[in-house]
């Protein structure tokens, strides 16, 4: 096994870990009780999953073909930048549009900070 | 592979027709969009899904896939993009003017 | 030789149309520009027509890619005659538009859209590639969508939605047909497809494909599948309806002629019989519709349907006489439908209503308008010596030659229904007691009448001067009936 | 090219000139100027009588659409000459009559323009040799008749009558056109003379009988034969000179003329004989029967016209048998029927025209046309 | 209700930069590789869309004072005019030529006349997309 | 070896997408669906990357960025829609 192959293998391994992370986050999105916790699962572990697999791909191509893909780097940066923001926005939107917290949650820290419109009709609420 | 794609085209077409036949205008638009995808896939599979590489300069390969269907699809995508864009704006205007996006109700709106 | 000029009828309107977008605020300037470009393209079309008579069919390979690899424009007498008529009719309609369209229309990209529409129409006439035909169709349809919605009253929006959805679906069916054809013969260049189909024989598969094409083009042409037509043609302002009535269905008819005379001509007992049956039903349906309504816009729109049926009788029969007659009738119909819709629009703008029973005695107030309408009515009914006559005679003769007496009867009877439907308009709106006194009447601007009179002159001139165009029409019919001429011109040698 | 071609065109030019002339003549009734046209034409045709009665014919051609074989060719023989004289002669008289009949409040230029248009068209019908040109003029007579019937278009009945007559005659015209096209398909020519010369080769052709019936359809609708006679009574809403001229003297005779003209083509067959004769006889009886019940003088005259037209038609039908029997004595006997038909054609035109004019005078003086009031 | 969008605005500035870079890259690579005017234009337009989403339309139209309808018209004009040019040199419509040039930074670069055409297409796409966003957002 | 691992990884990504699809269908609230949609987008990116490794080609690398951009913008738009009911504001009111 040459060093090149080892690096290739490492890349592929990263991809595998990424995919496992993805499944874990998917389980999270399935099992967790409310939208806030689900979003936690989706953003955190998914971001990790995609970053792992993209870096794995990058390493693989670097090792096997000496190809440094700028596009891939750009992609990694982009996903890294935007995925948390997207999660943040959805969760905020959920909170503002009156999606209930799960009953097991013990504290609503924002209760006194953001006035939730209590009786709006809403385009989103529980359906 | 072709069989699979054709089956997919069939499913897409069925979905599209179901949507086009519904009352809500936005569903109709979605239906036309899905229909366009089905047709693009159809063209692609009609060109033959050969085991070849993408038809690009610079990649050495023993065989390339037929490039013409892809050119056709690209053009068709541009057109469907333009048409979908137009009908979206039209639907929006119609919703504003007529106050409904239900095709049945629209018929009841009086002239002028 | 280089035939770049073949492209100009499509290219000029687009370029000028784009330039006009920058001149948005200047309605008059836009109008003159567009009239100018249409006049120029009429000149170009005539020049090309002469060229075709001496040098044979012209073609232009885009980017120098020789057929069947590249896309190309092919100009034969048939397409050029239609391009020429389009240019002339469009010039006159634009003249009317300049005088009639309000400030709002003038400055909302009305002229650019019309020019794009005409570019699409001309492109469809001239292209030699089925996929390009699709593209040009779409250019035309997109512009027509925009034209239909410009002005945007409720009725227009509602009809526009119906029209747009139907056309989108039929466009996708067009693509399905193209896909099947490509899968079957592996090319989309019309001449090349024709060669391949002739080599392989038009088996059941290809016949089925041809029927999908038939359905698609029928939707566009309003052949049998005309249910969308009356609503959408009667909703927009007069100028737009005139353009639609004169040009849109004609493109579908052109495509039907091209496809079924150049490519799928091997199984006439299936395809042409179906076309004949559809044409017959169209004639019946159009005739019934034309006499059933009180809204004069609807009546005019159903007249479009009847004409479509009539022209396609020519294709269904496909004898030399019938095809020649269909071409004459096609040219006539472009002129006369533009005139009909302009007159109907003028009447509505004068009386403020489209309902027959609410108008009366216009003859006393607007005699010239009345006589224009009278001549239009006669010309539409194919009364000699106006332009509809010769086409009607030749199509009927073709029907007699091929023994299609049913089609002959329906074609002639439909003329009677055309006459009756328009006679109702004439009788109710122009004759009768004058209900508006000379003092109260809305003045008819002379400038609105001039375009109508020009078209009247054109229809009379086409009728009396049939001999002037008969050479071109004969050549066009010959090319349509002998696909080899077209194929040789496209596939034979790379002299360009 | 013979000058007679331009004789046909004179009325059209004159009709076109009327709107221009009308402003100039001032108070003088424009009818006097119009009167010149039929008079001149009458003289022109009258001068041909010696030649024609000597057995000469005049033929001439002006090209219209030579590539399709449609040319403006005229052919003057005895039959045409009789009708041409009738048209121009009656035309002069009717115009003279209408100068006094119409009130100055009516739109005179329109009236005379229509009348001249009709006269030209009618001359075209009887003089053309080319079938399609004949059809052109045939439709023109329908249209000018339509315009004349609806001359007082503010009256509801006028409009109704005009519409009815136009639709029925145009319907017949379309049938006739189909017949002409079938003839052309068979013989490959549009010339009546050439068709008559070569038709014997085509009597077995599948299109022979359809063509015959379709041509007859045109003739019957125009001549108000049963069951197409219904338009004629309604057409009586026209001003009386028009009724006198079009609906008794000339236009309805166009159908008769067509039957006469086509007797050499279709004549020798039994189908032609029976159809023309029977339809003529039925019309004769039905017209007379209806005439008895009328109280409106013009309607009475209209039904009387119908029955007289039936008579002439049946005479022509019987006369056609002469062609079947050939030159023998039977042939000569049946030939007499044709002679009688032609004679009665002229006869009826003159007396019925006169009757109409008298009714018009009665109407003017008494204020009503209903007898027994 | 005050909505604090600081995170979004900050990130979207960076994201727009990335998208622009990528769009221009796609546009230029269109000759031999996937990409080209249409796709490049779409990506560039999506950058505009992102700007519209993260800021409001008025701010953006103040910052970029362009009439996007005219931009799309200009694009069409460029595309067609560039295809017309060969006609004046006796070549068929839409003929193209290309050559290799040594540019200072990029090294040996291929430049083709088709790039001008593609630029027209890209401008058209940008114009059209931004227009649609405008027309949906403006008449509320 | 490598191929096997890659195949496993690819199927795991597909599994993740399927699970998220369940969440999209079931809901129960709009933000739930948006979250799941965002996750599908992210997983799709990974899938494409793995796929291009499987096929040894660079041709799909653009797709990664494009899907990323689209996923971000659509999530953003949906979030705005859920939060405020419109997508593009005319004029910020603060």
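Each chain gets a letter, A, B, C, D, E and F, in the order it is written, and its residues are counted from 1.
FYI, a residue touches a chain if its C-beta (ideal position, glycine included) is under 8 Å from a C-beta of that chain, and two chains touch if they have at least 3 such contacts.
For reference, the UniProt names are E = Na(+)/H(+) antiporter subunit B.
Owing to the predicted nature of the structure, the values given are computational and were not obtained by experimental measurement.
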Check: Which chains does subunit A share as contact partners with subunit D?
Finding: none
Margin query: From the centre of subunit E, which other chain's Cα mean sits the farthest off?
Written below: D
Margin query: Quick check on this structure: which chain has its C-alpha centroid closest to the centroid of all protein C-alpha atoms?
Written below: C
Notebook entry, point to check: Ranking chain pairs by contacts, what comes out on top?
Noted result: A-F
Check: Centre-to-centre on C-alpha atoms, which chain is most distant from subunit A?
Finding: D
Next item on the list: Quick one: report the Å distance separating subunit D from subunit F, using the average Cα coordinate of each chain.
Entry: 85
Note to self: With centres defined as the mean C-alpha position, give me the subunit B-subunit E separation in Å.
What the structure shows: 24
Note to self: Need the CA-centroid distance for the pair subunit A / subunit E, whole Å please.
What the structure shows: 30
Notebook entry, point to check: Rounded to the nearest whole Å, what is the centre-to-centre distance of subunit A and subunit F, using the mean of the C-alpha atoms as each centre?
Noted result: 10
Check: So which bits of subunit A are touching at least two other chains?
Finding: 71, 74, 78, 82, 85, 89
Notebook entry, point to check: subunit C: which residues touch two or more other chains?
Noted result: none
Notebook entry, point to check: Which residues belonging to subunit E are in contact with no fewer than two other chains?
Noted result: 8, 15, 18-19, 22, 33-34, 136
Check: Once bound in the complex, which stretches of subunit C touch subunit D?
Finding: 361, 363, 378, 381, 383-385, 389-390, 392-394, 396-397, 400-401, 405, 408-409, 412-413, 415-416, 419-420, 423, 427, 431-434, 464, 466-467, 470-471, 474
Item checked: subunit B partner contacts - residues on subunit E that touch it in the complex -> 32-34, 38, 128-129, 132, 135-136, 139
Note to self: For the complex, give me every residue of subunit C touching subunit E.
What the structure shows: 2, 4, 7, 11, 14-15, 18-19, 21-22, 60-64, 496
Note to self: For a test of understanding, state which residues of subunit B touch subunit E in their complex under the given definition.
What the structure shows: 54, 56-58, 74, 78, 82, 85, 88-89, 92, 96
Notebook entry, point to check: Taking the complex as given, what residues does subunit C use to touch subunit B?
Noted result: 131, 134-135, 138, 142, 145-146, 149, 152-155, 157-158, 160-161, 164-165, 168-169, 171-172, 175-176, 178-180, 182-183, 188
